[in-house]
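Next, two complexes with chain A in common: one pairs it with chain B, the other with chain C.
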Partner chain A sequence: MRLYTFHMFNARGECIHSRTWHRERESADENIERKTLFGLFFTMKDFARQMDPRRGEEDGGCNFYAYATNDYKLHYFETATGLRMTLTTDVNAGDLRAVMRHVYSNIYVEHVVKNPGLAPSEVFESAAFDQALDEYASVLANG
Partner chain B sequence: MADGRRRTDPAIAGARCWQGAERCSGELFALTYGALVRQILRDREDDVDATNAALERVGRSMGTRIVEEYLSRTGAGARACRSFEDACEAVAKTALKMFLGVDARTRDWSEDVDECVIEMDTNPLAEFVELPKRYEGLCYCNALCGAIRGALEAVRVRTTCAFESDPLAGNGDKFAIRIKLVEIVPEEYPFDD
Partner chain C sequence: MSTTTPVAGVAHAVDARALGACAASAMAPGRITSVWVINKSGGLIYHRAFDAVDGRGETHAMRLDANATLRLASVWHSMHAIARKVSPTRGCVGIESVECDTFDLYCFQAETGTKIVMTTTKGTVDARGTLRRAHQAFYAYALQNPFYEMEMPVRCELFDAEIANVVRSVNERT
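This part shows the complex of A and B:
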């Protein structure tokens, strides 16, 4: 599996962290791209709910967790605190929900939330976070 | 309940997390908290009201971190704590057990389900504590109210929290927190365009 980019947003739509492993094409305007992406989260949630032929989960919510194109796949994870993470990979990647949760629980919570020098849900720079994420990414890439 | 996944009982989830968690000595914890309260009192020149407010602020910022740990350890989804009732049960049965090892429950629900009391069987923060007369009115464990408020605010449940009974203040024999719903903040697209 090939991993391309990773982004993290807070509830206010700010990109609090990002990581790029492979990117062949530069984005035209990163700010607009991030805003568009954040808009997509809201649209997709409404859309998923509107199209739901079932009654939805017991807690009344359904949401997308990935979309695939012929070229890449985008994986999405959201928490109750409004934190949102995306990961782009090649199209052959399977269901990465467990992977996204792992990144949140074992990398973000451990290295950012528990670090008293950083504020949760704010823009952060953390070498420990990047290192843990890169290590995990290389395990995924070679696994 | 819809078919498919079943929800884990909150009390069981809390006990499981408490079992699996790394722990520190209760004595160290109680004394560290005591030192914090003592220092804040000194900084505020024994102004009890200012200390209460400071403790609640300390608690709130702890709460915004603790809630992430809670969500990560319980595996709760994006719609966790979506109702006030769910949120209070999560605090009483799961979170207090998970982080403090305290058995607690909600009681005295208001008719509109916008207010209840969380009653705690024990309180490790108050271990060894006896308040001298000059600190009358000190809400020694106010960081706990702050933490609950901060954690719930992070999941968009705005509340007010205050001790309804506090044995340290000679009021009741169990710690109990009255929690009132202010509003459930709707999720909004944060940009104008």
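This part shows the complex of A and C:
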């Protein structure tokens, strides 16, 4: 499995962290691309909620957790606090919900939330986080 | 800081993948709940919803009014295009599938820009083949109908019948 990019957004839609392992196409303006990405999954979440065939029957709503195009797949994870993470991989990746949860609870929470020097849900730079994420990514890519 | 090593993390991920594969093989076949045809400018030209009964005997039905379907079709058209803009890769032409908690969505875009979209219940579906059959039906019964105007809503009995056939063949699989 090949991993392309990783992005984290807070509830206000700001990109608080991103990581790029591999990119074939350079974006013209990274800032605009991140905003576009946020807009895309924000809209897609609402779309999924409206298309839910079980709407009205039970609460909790319906969310999307991945979409695949012909040559990349985007995995999406959201917490109750409004923190959102996206990971793009090649299309052969399976269901990565467990991976996304692992990145959140064992990497983000451990290295950012529990770090008294960093404010949660704010833009951060953390070498420890990057290192842990890169290590996990490299085992995923080879595994 | 972290008590879980990356390797343990991957074991966790591999377990999840194996579990996913088991769940998929044990999963009941997916049922089609709706078929949409969207023209190249994002207009909805055909929509039909089906009541689908899943493996547990629960009925899934889309309850959308005409305005909602028109709006959602054009939203889908935009998302399909935007996914290309944020692609990290070079050859992306648009979204082919979306996985959601309670349903899956599959989309096929023809060279002409016409999109065939279908939603299914969770389960295994030959999405590519089914969408191709639906597109063939569109070609055979709408585009070849001399009274059909390009990019306009499809009102052809034979197309309706053929879509119903395709959906029945999927929804009555065991």
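Here, the second predicted complex is superposed on the first by the 138 of 143 C-alpha atoms of A that agree within 3 Å, B and C clash if a C-alpha of one lies under 4 Å from a C-alpha of the other, contacts with A are read in each partner's own complex, and residues count from 1 in each chain.
Just so it is clear, a contact is a pair of C-beta atoms (placed from the backbone, for glycine too) under 8 Å apart; a residue touches a chain by one contact, two chains touch by 3 or more.
As the structure is a computational prediction, the values presented were derived from the model and not from experiment.
Colleague: Do chain B and chain C fit side by side on chain A in the superposed arrangement, or is it a clash?
Modeller: With chain A aligned, chain B clears chain C, so fit.
Colleague: Which partner does A:127 contact after superposing on A: first (chain B), second (chain C), both, neither?
Modeller: A:127: touches no partner chain.
Colleague: When the shared chain A is used to line up the two structures, what angle, as a multiple of 10 degrees, is there at the CA centre of chain A toward chain B and chain C?
Modeller: Given the fit on chain A C-alpha atoms, the answer is 120 degrees.
Colleague: Could you figure out whether chain B or chain C reaches more residues of chain A?
Modeller: C
Colleague: Per the contact definition in the header, classify A:80: touching chain B only (first), chain C only (second), both, or neither.
Modeller: After superposition on chain A, A:80 lies in contact with chain B alone.
Colleague: Once chain A of both complexes is superposed, is A:114 in touch with chain B (first), chain C (second), both, or neither?
Modeller: both
Colleague: Scan A:37 for contacts with chain B and chain C and give back first, second, both or neither.
Modeller: second
Colleague: Considering only touches as defined above, state whether A:12 meets chain B (first), chain C (second), both or neither.
Modeller: In the superposition, A:12 contacts chain B only.
Colleague: Return first, second, both or neither, reflecting whether A:139 touches chain B, chain C, both chains, or no partner chain.
Modeller: second
Colleague: Could you tell me if A:63 is touching chain B, chain C, both of them or neither one (first, second, both, neither)?
Modeller: both
Colleague: By how many Å are the closest C-alpha atoms of chain B and chain C apart after the superposition?
Modeller: 9
Colleague: Please identify the positions on chain A that touch both chain B and chain C, taking each partner from its own complex.
Modeller: In the superposed arrangement, which is not itself an observed complex, chain A uses residues 39, 54-56, 63, 106, 114 for both chain B and chain C.
Colleague: Which residues of chain A touch chain C in their complex?
Modeller: Contacts found on chain A: 4-5, 20, 22-25, 33, 36-37, 39-40, 43-44, 47-48, 50-56, 62-72, 74, 88, 94-99, 102, 106-107, 110-111, 114, 128, 132, 135-136, 139-140, 143.
Colleague: List the residues on chain A that touch chain B in their complex, please.
Modeller: Against chain B, the touching part of chain A is residues 11-13, 35, 38-39, 42, 54-61, 63, 78-83, 101, 104-106, 108-109, 113-114, 120-121.
Colleague: Would you pull the chain C residues touching chain A in the complex into a rising list?
Modeller: That would be residues 1-4, 6-7, 9-10, 12-17, 20-21, 33, 52, 60-64, 68, 72, 75-76, 78-79, 82-103, 105, 119, 121 of chain C.
Colleague: In the complex, go through chain B and note every residue touching chain A.
Modeller: 1-2, 4-5, 7, 64-65, 67-69, 71-73, 75-82, 154-156, 187, 189-191
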